[in-house]
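First chain written, first letter: the chains are A, B, C and D, and each begins at residue 1.
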């Protein structure tokens, strides 16, 4: 059987769980979380990368074989996002970039328009661009058109752990997009990651739910298992939902025989 | 670290996924499903056990090291359930028994009263009794009192694949019962099994969703992974849900530095 | 067109909203709430009825033309419920009785078994018995059999305002019961009362959500409107749910004409 | 007490239920639906307005005192929407316009970008512009900025009757927008309209669910009642949701007194 690989920007991945580096009590746990989650892509806010001292640099906890996905958090416009992306590449962080353009400070919702602009510019410059977005079919199609390597609709506002609150809109993206759909933000429990994968999402990005768990290492593995379970269920074909009961065991005649 | 084992009636189990034998297109697939799901307990309707011919006997597909959980499907009263249980034991099927007493032929809902009666009689006779029930705290406590080894509340009517529709009532059972709570019936997708485990259920029993999947072997493994993910998340401690967004990456000041 | 009346124990009612007397900051508001809600049946805990002083007696706030539905709250067994019911009738509170038998002090869940017992005794004594119950089809049928005038399944534990959390089980009762199904407990918002009626419930009982509202008089009317809306929708026939969009306005050709 | 009026573009309305003219089996029923729903604003697709024959003209069923809300359905771009709007005004249909710009023919989702463009142009020309949109806070703020009189986020794709599937996103709009938020599309039952109003929506637009009901006149009144109920509940203040039960009646000591 052919392996079920996720292809982003020409790179083939075994893992469909992307993780983040924010909010850990102690960043030293990150290598163990990478290991337990078997994630191959990790996002890191450029702001946290200290290029002058090695002391508190988040980078020292990230193994060399991970694909770095620097993100542009802090950017309020396309232009700012573009500048951060270029800085990241110049600093040797590779050519993957997660676009986050956020001007709303309360709900931290992405600005889809600015995100399209930044995606277009950066894709042309050879970046593998993964834009974080409010789920909106027209925007997703536009992002694909201007060169996004995937689209990353939010399930719920960042860090809320509220789950797949935009499920109906994400399902439409899954149905219509040609590029991978990666659910990003809002996923608070493994069951929610599993559900996203059952719906047909290509991958999920989970940060807060792992980083703030009682035991992030255990939770990293839990998400790995949940993502694999959801993917397998999707590929295998989930059975139909019925209204009336359907016996799994025969119900009649046993004692009358 | 101590292993996280499930104790039912004094027997310690690694797996928290119980499976069934009903509804497979071809029973010959059962050994592979047992293997992929790593389940250690399998339920089988007594009615399907043919003691005279070996031809179509479901038993030939069940490895010797599985714990058999014969069920009393077809019973409409406590008395009938008791007779079936005794037959099962006499036929060498061991002393585990899943009580199903169902008089309603449309929704296949269990009769909690008759179930208590049958549980009491069979527990006194040395059976390890797992009663299938409508989720009801008073009934669950009574079942524990009369000797049930676990309680098996339904998530939704049998075979509907509708998921955890009685979640609030099951959560109360999880909160208040001393014996294991095993969610039985209704679970249609791995994400739903995962959710049940995250809530603190001790195990789940899944039949229809595996047996009728496009690929039951793959689906068996998917449920195994989902159950493990949910259990790990429960043990690790799931993070809190918030209303407003909480940044996982720093949002301010990057470009102004 | 024939009027759409609710028949309980031979009494025909225009209103399908039953209300309660508990938890008001000031009981003096009760007449206005009765008026705004247009309810015709009001439940009152026998414990709150002071037969010796008229001072703080809840009864003085209830107009003579309301149907009193004394309840047996405080009863932990069928026997206690029966005694309370008889006291209520002896005290001139009529022959309607709402059975509440609750031994669990945390979730305040009814004991269905004791409730059946009390219902049987009191129905034989000529009471119009409305039993509060955990939603369970077998129990509902038994209650009908022993003489209940209606069944009152809980939507969620008393006072939680959590809504119709047992929807699937209540739908089965609606489908199968011959006597009126009155959703009692858990309804926290008019939309939830409306939803219960759309599903086909015959009535709802609302107490906490009205009594603890910012403005109980306004909320009483809101529930009246919501219940009427849900009932009308049920009678009119709710339209079907579709997965793909269906235009309400023509989508093509306008400008090309 | 001051009346609770809805102000759109300087016009004060008593009714918070906007209705539509599409999908009725027989348009002759429209006057009765207007009457039963007490709606004051009705949307009509320009395409359906026949300016040459009076025969099948939808306009003849709309009373003079209704506010006409012509919509631009059929428009695939801002430019087309603008042309339709101008035609509507030129034809004497007033200066209210509902912008619908839809290029996706499967889910009929609005194109938020084109909608902003059309809104800006038409607001400058003196129209009272009500844009139909995918719920997105950044877009809603932009629409307000360029002159929208209200924003009309979808609850679910048009005509699906699926309800408030974008609830979390709509709540954010309600929280942050200064102009009225009118939930448009997807509302299939009165309970869903009621829920939207409880959340704080300023109004709802319902077409399919009324037009395709078994009895559209009865359903029109049901929606009126549900909208009023939800509005009243919102104004009155809905009570809090609790996890554990809270007795509405006293639970102890009755018989021990």
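Basically, contacts are C-beta pairs under 8 Å (C-beta built on N, C-alpha and C of every residue); 3 or more make two chains touch, one makes a residue touch a chain.
Just so it is clear, the model here is predicted, and its values are computed rather than measured.
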Repeat of the A-D interface, chosen from A-B, C-D or B-C (over half of contact pairs identical by residue number): B-C
How far is the middle of chain B from the middle of chain C, if each middle is the mean of its Cα atoms, in Å? 34
Note: chain B sits from chain A at a C-alpha centroid distance in Å of 32
Using Cα averages as centroids, what's the distance between chain A and chain C in whole Å? 46
Spell out, as numbers or ranges, the residues of chain D touching 2 or more other chains. 106-107, 109, 157, 162
Are the chains arranged, by touching, as a line, ring, star, complete graph, or other? ring
Residue set of chain C touching chain D in the complex reads 20, 22-23, 43, 45-48, 71, 73-75, 80, 83-84, 100, 102, 105-109, 157-162, 188-192, 194-195, 198, 207-209, 211-216, 218-219, 221-226, 228-230, 232-233, 235-255
In the complex, the residues of chain C that touch chain B are 103-104, 106-107, 109-113, 134, 136-139, 142, 156-157, 162, 165-169, 172, 176
